[in-house]
Amino acid sequence: MIKVLFFGPVAERVGASEVQVPFRTGILLQEVRAQLQESHPAAFEIVCFTAVNGEHALDMSLPLADHSEVVFMSKFSGG
Amino acid sequence: MIKVLFFGPVAERVGASEVQVPFRTGILLQEVRAQLQESHPAAFEIVCFTAVNGEHALDMSLPLADHSEVVFMSKFSGG
Amino acid sequence: MKDAVRIQREDFSQDEEVGALRTGSKRMGGIATFTGCARDFSEGREVTQISFDAYGNMALAEMRKLRVEAIAKFELLDARIVHRVGVVGAGEQIVFIAAGAAHRAPALQACHWLIDELKQRVPIWKKEITAQGDEWVTPHP
Amino acid sequence: MKDAVRIQREDFSQDEEVGALRTGSKRMGGIATFTGCARDFSEGREVTQISFDAYGNMALAEMRKLRVEAIAKFELLDARIVHRVGVVGAGEQIVFIAAGAAHRAPALQACHWLIDELKQRVPIWKKEITAQGDEWVTPHP
């Protein structure tokens, strides 16, 4: 399983703060993103950053390991 | 009488924090300064600013009123 | 002593944070701090509370990186960063930054840099709670 | 509540000063502070204490002018300035500046401007007390 987390405005648009995506060998970050974007288009309109296991991920062709933690994030507004 | 005050390093060089200069009608700031500078040359080496009654005085030809408070000050080092 | 970098629900004390900062060195000639507060007014609406959501682990890791970067970049003697989460009332404190250096200019510059970078780089989101409804804040770049 | 501008022998509390600053307005989004401390080391000599002399009336008047000027120049909601006199031990606090504004940049800029101007314009002098003797500090322009 790949654990996908959402926070703040993205979580609100998804209607959940966490979803599970089934793992398969060789699954790419962009495939997880595409699959979720299809079911939650409004949420992904505001997604600007992606993190994998707590680190910024810029390369969407990154292959994911089983049990990865993926987060799709909107622009930060802390402080 | 004109009250002349000294602070910090100037007071140390004068050896006093206050001296009185006799008032006479028409006495100018520069005359008070010249008189004190003669008796305390080392102190006046470091004098940068002059205040009369709590306000900066730039014009040394200022006539002083009786009971004026004059201060000859070195560069500030507060903060 | 509390950690130099924290995310917490409870309020913080400037005295306690500055005290902790100063224990590190008696060569600290200048300490600059920045405190961000919840304003009661935003874009024409009255804000009663602000609610914060954070990607906690990553936010803390980014804040720790910021501290280390600022110490190196501005030759600080020490720095501290505290950010609250949960619900904060209008007028309450949200975020605290402190930077201590031998002289004043680097302390003040580091403090400004830290709050600017924190807003860009730390995964925390704020929602304004008003009588007219709640709204997630969209940062103006 | 204590005056916003003070010269005093006793130490001050950041919490108390920032608390007093914040009572003025709930529209204060950013508060910047600067605290100047007595360093234990200066130009190669170990400093045990710093002694301050001030032209009290004029110093207070200049600090009050500085506060009013900063509030106008940076559109602050409030500002406070506290300077200690007498003898301050190494590591102790000397001067405190706080500036509160709707947003962070003016608060931080005002704080920097205020401490720079204070050093230029306020008639206070410091003497460093060391094991090798006392010395009045000559400011480097």
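To keep things simple, chains are lettered A, B, C and D as they appear, and every chain counts its residues starting from 1.
Just so it is clear, a contact is a pair of C-beta atoms (placed from the backbone, for glycine too) under 8 Å apart; a residue touches a chain by one contact, two chains touch by 3 or more.
All of these numbers come straight from a predicted model, not from anything done at the bench.
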item: For chain C, the least number of touch steps when starting out from chain A; value: 1
item: Centre-to-centre distance between chain D and chain C (centres being mean Cα positions), rounded to whole Å; value: 22
item: Computed distance of Cα centres, chain D from chain A, in Å; value: 48
item: Separation of mean Cα positions, chain B and chain A [Å, integer]; value: 73
item: Junction residues of chain B, two or more chains touched; value: none
item: Residues of chain D whose C-beta touches two or more other chains; value: 36, 115
item: Full enumeration of touching chain pairs; value: A-C, B-D, C-D
item: Contacting residues of chain C [partner chain D, same complex]; value: 13-15, 18, 22, 26-37, 39-41, 90-91, 102, 104-105, 107-108, 111-112, 115
item: Chain D - residues contacting chain B, complex; value: 36, 52-55, 57-59, 61, 83, 94-95, 115, 118-127, 136-139, 141
item: In the complex with chain D, residue positions of chain B that touch it; value: 5, 7-9, 11-12, 49, 51, 54-55, 71, 73-79
